[in-house]
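Dropping a structure here in structure tokens format, bear with me for questions.
Chain naming follows the written order as A, B, C and D, and within any one chain the residues start at number 1.
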């Protein structure tokens, strides 16, 4: 029987892994049990955000030190940039351990990881990427022993983006990519990955037309969270869900925000976890929440509850940066702190302007 | 007996006053009764934000059309830039009318306006500005018939800032200003104006040492909201409070946030107004809230609830822009929309990292 | 016989028209002779740059004061935002006067102005806009008495852009625009306007396929300079050229930069004007240059002289802002100051990464 | 007899050291001879620029692979962020080799390196830092065998900056730093380091009053180039100069720009090197220039040649970013490409608004 352990650890800079190293040193984390590490790093979260690759390089060095290069390479690193507003840069370290005991009265947090093959630049944002991620999601579910899509509560995917170089390369080979805009490629990639998850979880019909990727906001997964980065061309998939076959004190549930301030589903999910704040979680309840993972994006309609927002017209600050900082405030108001995994760009992840929110709690 | 009327009107651009013009045309606003107009405009809210002056110019043209230039010049225009996150650009038009009837069972919203003399650049951020604003606040209270500081719930001040030209001019005259940094001058100006309000409301002792302006975070007003702009050298002061001598259906109350996510005082104030949401205001309750005015700033400590934020170290996005977008999310999560008057830079306005929130409701 | 007068006047802020007002007061500018005013204003030069509309509004007020509203409305206002690097915000005021005498030994500066009809959002970036601008260019040439395309040296066009609202409106009417990206709409609009000029000047064949607009960098005008703004839906066209039918001391010539640092053509043009600096213009020669108008854009190849640039991948600073500041340095190094009309976004204006440079000199 | 070799190598990303690795593999660079590596990396060049530390980490890994950790730690890494405009990210690798032969007819490029002790946060921007850098500069000159200050042509210093954490730490220990503003700390640090160089090179008198650091623009070194970064608390000093005791084909000279477009001194220096372009260097001449190192900053006066610039008032783009992109254009117009080492923030480095330019050429 397996058990998931999740450690939320602050970082003082993108290359500050001292908190993880200290946890390993005292045995609070077993390096050989680590399957995935998420990070919110303090870059701009858009095309030229090198804090993600910097954190990834530093983590690989630390892991290699402990488990060797081959094992270190197998750990899924999901580096998401952008800590706008009061968002606190941090790591979420996921380990899979032997379980001490089965979970009392219900399913425990289960995790499965899968890395797809590398995408060619011209596959990014297209059906080939959707299919790769769908297969990868099913493989990760199988690894986690989660049989039913219903028990999947969060699928985090780190996917590629196109730089000018990669675009130029594809064009030279006679295979123009989906877009020649680097920032736009991030959206297409996130969208295709999210639809791959939606396919695997049977949230959309299998006959997806390619041109609907990135355009048809009615298609979405309510449990996908995808982030694009320059440092990889594979898709890294981490499935989080429930399983009676897993033990330990951690649980997971999710909510779907219909727009950027739709807090009712979050309160409902907290209620199901036995935490029912009026307003903000009190300190004891706050400590029972181990991690919050959410998506943020500006609604394409240009409005929120019928009133105009300016996020799509601001040439000084990218729309995803605006949305992350804003939704961070919404969530921090509920959870009582801002050490939250909020990532930007929720194409096909929840309804337009909204997004999924996963909540990991401990008994 | 007087009565305050407040109209919250959307704008499609900084020079879009069509909503106000339409309200005047149908008699929903009486141009000759307007005493103050607040605006959240969609510039960067920092030094080079010209949307404030653009909106001001356009408003003066509209008002002049209706009441002539002299009367138009007497209307206090408080233009605050920065609509980060989902903040909706809008106007708040304040009129003073003859009251139909006294307010049932309690004090109604009262408003008083005062423009101080122009500040010389070297007075910005210094005791001279504190004193001018203190006198102006008392004058505005007298005009509003508010005798006790206890009945003042919000004092909005629009204050000057220093451009390179103004700094150079003062230096040439042998009177170096408080700072030679344009962005820093905004903070000093806001801080001095806030301390002027604090003096008038007896929130601080009268023997204020000049070097504490902008440095001593233990000194603050819990009801001041100050915003700096390039388009004026006077301080425009609008006092909002309660008075038994005023009638009408509008009420005002305030809360003081101890940090950027301290929502409890806001819920308490809503409770006192007979609106007690668990989480977010329901639509009917939402409509009873006419206006929300709040301050936002990053805590100087660099943390929120003990976790590091990056707002002070981000050279790409100004700290006040980060803070506005984040606090906008916190408040929108409660009020159910983002057409909120959130301004940045809360020096001496509430505790470090927090700020005052005023709520105007209708019976 | 007509004569063009050009006054280059500094501005202290987007609404500072005092320099123009002073020139009118002393008779250095005749308000009733003004046909066009260009401005470099200090906004971001991208979608949410309101300094352009602010300057335009302020200019109209000034002109109306002097010549009445109808005549003021006929003056072409070409407001171009973005004063990166050391670019100095300024106006270029063009008047058409009765000529004292014909130009000695050659053609003098001639100017013609034309405003096209308003574009519907769905026409922006499409053949309809190309055609409208081509017709407008021919009309402006006719007005200026310039018969041959060869004698046209600069065509400045101010064209529309799409905001989220305008896009949504067109979609609602069943006519989706060329793009749903506001920033991208600026590029399409500039490109279509430039190709309209190219058509009129016979620089491209008449059978233009619509999909080549904004994509085929081999098509361009070597004399068009187009800038997009939110404050208009017409295309304002100003043709500058030479004509034996015009008198006065002003001349115009142009160069075409093949890339951002191709200075040889500029030196050649200066040579033809009798000014031949080695390096930088000496002060006397500097004063003979009345105005410099140029385009700047990052090369789509992502390189300059074979070395990688980062302008297309920077999510913090828009590519056109980068390019304007850089090319401003290139030109200032030659002309000896930075009060230069450098605008961004040179789609179909000169070769990829380069652009036209017009130089107005006085004898 | 020693000889300096300088290799200028492009990078595709801050962690792309493949060009250096390839050069080592073919023997074009000897890893054990490397004494210093400069880099222009593509971050924002301000406080939160992590590309510098990322490049440094990657270089140390590469060097360690070849020469072991101890030797790798002795290599001075001067990572300067900010590649605005068309600036091409690149490395400059400096080796010291045994000389094949003495330089024909004159002095050859000599290099000396020195790392000072770590600065405490409260020493940054103060006399202690000035003194440490002065001593370090003399030590580096001695190492390079350069006896006379007259033969020093460029002193590059990488110096520390203060983050919120470092500031808070110093305050806690009862030693408040020179400033509590992170961005401002960079300026103070650069300024103190530059004055340290000025002291060592006898460009200023030894009795420097601390309050003049960062304020008195009349004090400067005409050969210092200092850059601040978050990744170090020491000052890394590289002295470049001439020495008859060194051989090889490389020479160095320098110019001092009096303002951002003062190109005459650069042309004069090129003339002394036997390269005398009218305008831009022709391709053969271009290839004789191995490296160009320059400083850029906005003039504190707010003007360039009497015309207003907006770099100090732009809250969206930091002044040093503006200045780097602009001066990059000025220099690229002369040198014929933009693979230039232009760093920002020239406090006490050349006159206000200007800065030193070093040129390394090969015979």
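Criterion: contacts are C-beta pairs under 8 Å (C-beta built on N, C-alpha and C of every residue); 3 or more make two chains touch, one makes a residue touch a chain.
Since the structure is predicted, the reported quantities are computational estimates derived from the model, not experimental observations.
Chain centre most remote from that of subunit C: A (centre = mean of CA atoms). Counting C-beta pairs in contact across B-C and across A-B gives the higher total for A-B.
Subunit A and subunit C, compared by their mean Cα positions, are separated by 46 Å.
Annotation: 38 Å between the Cα-based centres of subunit A and subunit B. In subunit D, the residues touching two or more other chains are 12, 42, 44, 48, 165, 310, 314, 316.
By the touch criterion stated above, subunit C contacts subunit D in their complex at residues 10, 12, 42, 44, 83-90, 260-261, 263-264, 267, 278-280, 298, 304-311, 314, 316-317, 321-323, 325-334, 336-339.
Those residues of subunit C that touch subunit B in the complex are listed here as 12-15, 42-43, 48, 50-51, 53-54, 57-58, 165, 230, 316. Residue ranges of subunit A in contact with subunit C, taken from their complex: 44, 46-49, 163-165, 168, 181-184, 301-302, 310, 312-316, 318.
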